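Below are two complexes that have subunit A in common, paired first with subunit B and then with subunit C.
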Partner chain A sequence: MIAMLRSGFSTRRSRHGLWGVPLVIVLVLATILTVETDQFATRENLFNLVAQAMPLLIAAIGQLFVILVGGLDLSIGSVISFSTAVLSLDGPAALLIPAVFVLTGLVGLINGLVITRLNVHPIIATLAMQYILLGITRILRPVSGGDIPRVVIAAVQGSFLGLPLPLFWGLFVIGLAAKVLYGSRFGLHLFGIGGGVAAGMEDAARNFGIRVDRNIVLAYVACSLFAALAGIFLAGRIVSGDPNVGLLFELDAITAVAIGGTQLSGGVGSLHGTVLGAVILALLANGMNMANISPFVQTAIKGGLLLAIVGLQSRKKMGL
Partner chain B sequence: MFDGEPAYLVEMQSISKAFGPSMVLRDVSLRLRPGSVHALMGENGAGKSTLMKILAGVHRRDKGLIFKDGTELNLPSPREALSAGISTVFQELSLLPNLTIAENMFLGREPLTRGGGLDRRRMRAETARALAELDLKLSPDQLVSTLTIAERQFVEIAHGIKADASVLILDEPTAALNAADVEVLNRSIRRLRAEGKAIVYISHRMDEIFDICDEVTVLKDGQNVGTRAISDVTPHQLIAMMVGRELSDLFPARAATLGKPVLELTGFRATGHSRPFDLTLHTGEILGLAGLEGQGQQRIMRSLIGRSQAAEGTLRLDGQALKFPSLANGIRAMARRGLGFVPEDRKEEGLMLGLSVAANLVIGLHAERPAFARAQGLWAVVQRMSDALHIKSASPTAPVASLSGGNQQKVLLGRYLAREVKILLIEEPTRGVDIGAKLEIYKLLRDFCAAGGAVLVTSRETVELIGLCDRLAIVHGDTVVTEMPASEATEHTILAAALTTDGAAA
Partner chain C sequence: MAQVLSRPMLRRLAAVPPAYYVFGLLLLTLWLARPNMLNPNVLGIFIRQVVPLGILVLGQLLVMRVRSIDLSGGGVILLINYIITSRSFPDASGLTFVLMALAIGGSVGLLNGYMVAKRRVSAVIVTLAVSIILVGLVQFLSSGKPPGDVPSYMNEIFNIKLGVAPLPVLFWLVCTGVMWLVMQHSIYGRYVEAVGENAEAAVFAGVPVERTVVLAHVLAGLIAAVAAIVQTGSIAVGSVRVGLDLPILAVAATILGGVVFGRGEGGVWGPFFGVLSFALLFVVMTIFGIDDPGKLIAQGLIILMAAILYGWRSKRG
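For the complex of A and B:
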């Protein structure tokens, strides 16, 4: 246990990255907020916090998949908006929900193919997709509106066993990602490919007989699908389709992953670090709102924190 | 051999391969018998590693056929080679540093549980067994990045020895191993041979070849020289096959007399831990830094231009004592004093590959000019250097990347010769250069010295240093342990000199 905790502060003995630092920040923030304010440690606020944090958490976990192979996905902001727009179209839920996953899966597939087959840099490929999809979303739904299927709203806003449903969304997503990242061939191959890229041995994973390109494409598909899930969750919360709701989500997701100690050069990072990163961003927003700190100051603090954590890691390992 | 079973497990027929304009393999054939260890020998650059990378699916052959058990193989990627039972231990370390030993061992062929997840327990148990077989006391859960080079080498070997592979390629597996480790490895190789596997063994160590191998194939300049049973050859005959010519044919005559000292180091310590030494370079002289690979030859060389910081000592150029050059502008400062540095990795550190031959030649002259001076007379320089160096390119405006390795190297040398430097510091003067260009480069350097220049050179190819230089300084532990005239040096005396003297400060 002690050894495991220690590994969170060193990148030498494990490939989970510096997740110990965000853990300390979460504990410190939670302590400060509990002591300094009356509202923080209340049942309503905590449940609200979970619901607020959930879309970012889901999107950040998706982002983790591509960052582990040394990539980045800037298109998820549009994927999220697009998902809410599709859900707000006229049609039965049994058609709309599968349509969201099929279409966003296709977006991830195109991202992955453009990056691996056409050798376009991930930032450019997904930035282009961000614009393309934003345009399509605005065609579908120029301004916020439309109806969201009842089942989606019920799945987000309801409760089960006295606990709010978003909590179960979180458990499901984290459990699924843990299974894929740590318990499957695919997950191990992602770490392997990213480790090779980060160490400057691009061919290493291929020499092990791994289908490198296919795995990278699948990572982008996974990232898109997680973003779609985040979009569905958001649609259930705002109860409409909104072409702007996903705006800047991609940057927050990357921030959450990086604050969680994951190295953007690939191969080193963790799911628990990413969860902690998303929780930090949620706590910052929640706490600073309570402390009446202006949202502009909040944004600046977020950037400062990102810089500080990235600065704790050696530049050679960061890649970006 | 039983009836009906093919005599050869693997047959590579007339394999050819070119990288860009340089032909690295020409109609090479290799046949491997089951239950035997086949040595593959040749000088650096003879094509051994390329041939094996083709068999491993890393490189694609341009021409030729590969059969295994009588079936033709295509091998577009390592995946197909692995599934055909061809397993490789590459020369350069290829394990993934961020994965554990167990994960590296099973990467690409992970065992699964019934539920479809990774069977980590089995991976751990089988890895522990494989490590124990090689006498390694390592935990399967250790990250590869925490291992020493020798440990990594062993894990690499353990990874290569897969139960389901029938062909094992070992490309210089003992480079990082000591004698005891080599014995452990040999035990494993003998066991695999007894199991009927075909093993390819690439090594420069003659004693190992005669100790463990059954057959040997020699390559030279990308072509077959011959295949012999080990029992039919002597080490001396093997060397003759590898070299294929007398050394005296290859290198220009040495300097008759040496001039005055131009570069003098006294009480020089390359690092805080190494012993001080003195070294003098004279005009007209080619001085080589020899010794085992990576013993500090490069560090000593680079401390002269500030790429590495010396701990203490004095540096004199033409008798004038100088401050040690700094990292920030050492190259510039030393260049102004007539000292040119030709780095080992010409693609990364030397040439601007995307720029033209002409630009690469004259860029050194530009560095001397004021920022807004007009560049006059540069084409004359380009013309003069292209002619003098016999640079073969489509035109002076062709990008350097389109040239062969030998011509690229000549362009890099030309950059310094154009500036009329007095001293050249050259790392690996003929790395990745074919034999014809090698001869030209040797002659160029000798002519440069005959005209009053001086050359300090490092090379991984000891034979090259012996043939090219007038004098050798043997480097070990970041210090010069002894000097010898190149005409009296042999690979053996150099090695002996390096190893019998301990360079590290007590």
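For the complex of A and C:
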């Protein structure tokens, strides 16, 4: 236990990255908010906080998959908006919900194939996808509106055993990601591929018999599917389809992953760090809202935070 | 015999930046659909609209030649537009505005360059983060409302015509010419080429790689400031949304013009025609009744197609 805790602070290379630092930040932020404000440590605010943080948490976990292999997915903001737009179309929930996952899985598949087979840089491929999908979303739903299936709204806004349902969404998503990342061969291979990329030895994983291209494609599919889940959750919260709801979400997700101690160059990172990163962003937003800070300034502060965090991560490669 | 001849011919044809084909194709489409639009006066107006983009592209192609990217142009343009159109500096003359704009562009470029070259941070993340900070700042200062009017002399300068040629278009041509000279005939141009081809080899050849990249970002920032001034001259009233889509269009035009991360077959004129292609593309799409969502899809597809083309070529070559 102590050894595990120590690994979170060790500057020696650990596969999990520096997740102890965000843990301390979370504790400090929570303490400050509890002491400074009366509203923070209330049952209502904490439950609300969970629901607020959930879309970002889900999207950030998806982003973690591609960041681990040294990639980046800038299209998830559009995937989220697209998912809410599809859900708001006319049709039975039994058709719309599977449609969301099939279509966004296809988006991830295209991202992955373009990157691995057609040799396009991940940032360029997913940036292009961000625009294409935003265009499609605006055709489906030019302005926010439409009706969301009742099942989705109930699954997001209801409660079970006296606890709000978003809490169970969080447990399910974290459990699922933990199983995939730490309990499957696919997860292990993601760390292997990324470790090679970060060390400048792109062929390392391939030489150990890992099917690099296929695993990278699957990572992008996973990222898109998690983003779709985040979109479904958001649709249940805002109760309409909105073409702009996912705007800049990709940057928040990257910030959350990076604050959680995951190296953007790949191979080093952790699920628990990412969860802590999303919690930090949620606590900051909660605190800034209570302090009545303008949403525009909040955006600027989040940009500054991202800049500071990535500025602290050293890597070998220069450029993109 | 024919086979022997055709192979290098084909290869040479494939090396021509896609911008020239796209430009030709769009010109043909326009000629078939609306032949009366193809006169210098009408085309001049269309081309004048993309001059800010054309200028921004000059910076973009420079940073992309050194395997970096600059997406902060939107924030720079927005901030400079806000400073000129808000009444924050009522007594400032045109020259003061130009100097302020260059100071802003230069310092943003310096920050980008430092983060990318010295701190080795991903250029996309740095420049996007800088852009959101600037956009957030402007929206906070203006509370989301349009700031005010553009000084009328700026509109007047923008509307000057020398013969059939609008002054902004001539200015863009001159800027592109200067950039061509820098890339072709200066030591700095050689450094840029060396860093783009192979940064590691450039280090061993004694090229100051980090300084070259920092300077590329500073120049891109200054160029974005110039684009901001031209953009401001092209509109009558300030806006809190102006120029936000320009950086991504600049990336698309640059890739279309044959300049992709380190590879610069397209030179300076390839991206120039990339911008012209976008000028025609918007006209053609408007003629065929394709609105904003269609334009977004087209932008994305152009970036994707051009990047796929180059990825495919570099894999084979």
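Just so it is clear, the second predicted complex is superposed on the first by the 296 of 320 C-alpha atoms of A that agree within 3 Å, B and C clash if a C-alpha of one lies under 4 Å from a C-alpha of the other, contacts with A are read in each partner's own complex, and residues count from 1 in each chain.
The working rule: a residue touches a chain if its C-beta (ideal position, glycine included) is under 8 Å from a C-beta of that chain, and two chains touch if they have at least 3 such contacts.
In this text the structure is predicted, and so the values were computed from the model without any measurement.
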Comparing the two partners subunit B and subunit C, which touches a greater set of residues in subunit A = C
Please work out whether A:Arg150 is in contact with subunit B alone, subunit C alone, both, or neither, and reply first, second, both or neither.
-> neither
Is A:Gln130 contacted by the first partner subunit B, the second partner subunit C, both or neither?
-> second
For A:Arg214, is the partner it touches subunit B (first), subunit C (second), both, or none of the two (neither)?
-> neither
Would you tell me which residues of subunit B are touching subunit A in their complex?
-> 56, 58, 77-79, 82-83, 88, 90, 94-99, 103, 107-110, 112, 116-118, 143, 145-146
For the subunit A and subunit B complex, residues of the former touching the latter = 12-15, 179, 183-185, 188-189, 191-192, 194-196, 198-199, 201, 203-211, 267-268
Subunit A residues touching subunit C - in the complex, by the definition given at the top = 72, 74, 114, 118-121, 123-125, 127-139, 142, 248, 251, 254, 264, 294, 296-304, 306-307, 310-311, 313-320
Footprint of subunit A on subunit C - complex, ascending = 66-69, 115-117, 119-126, 128-137, 139-140, 144, 199, 209-210, 213, 248, 251, 255, 261, 292-301, 303-304, 307-308, 311-312, 314-315
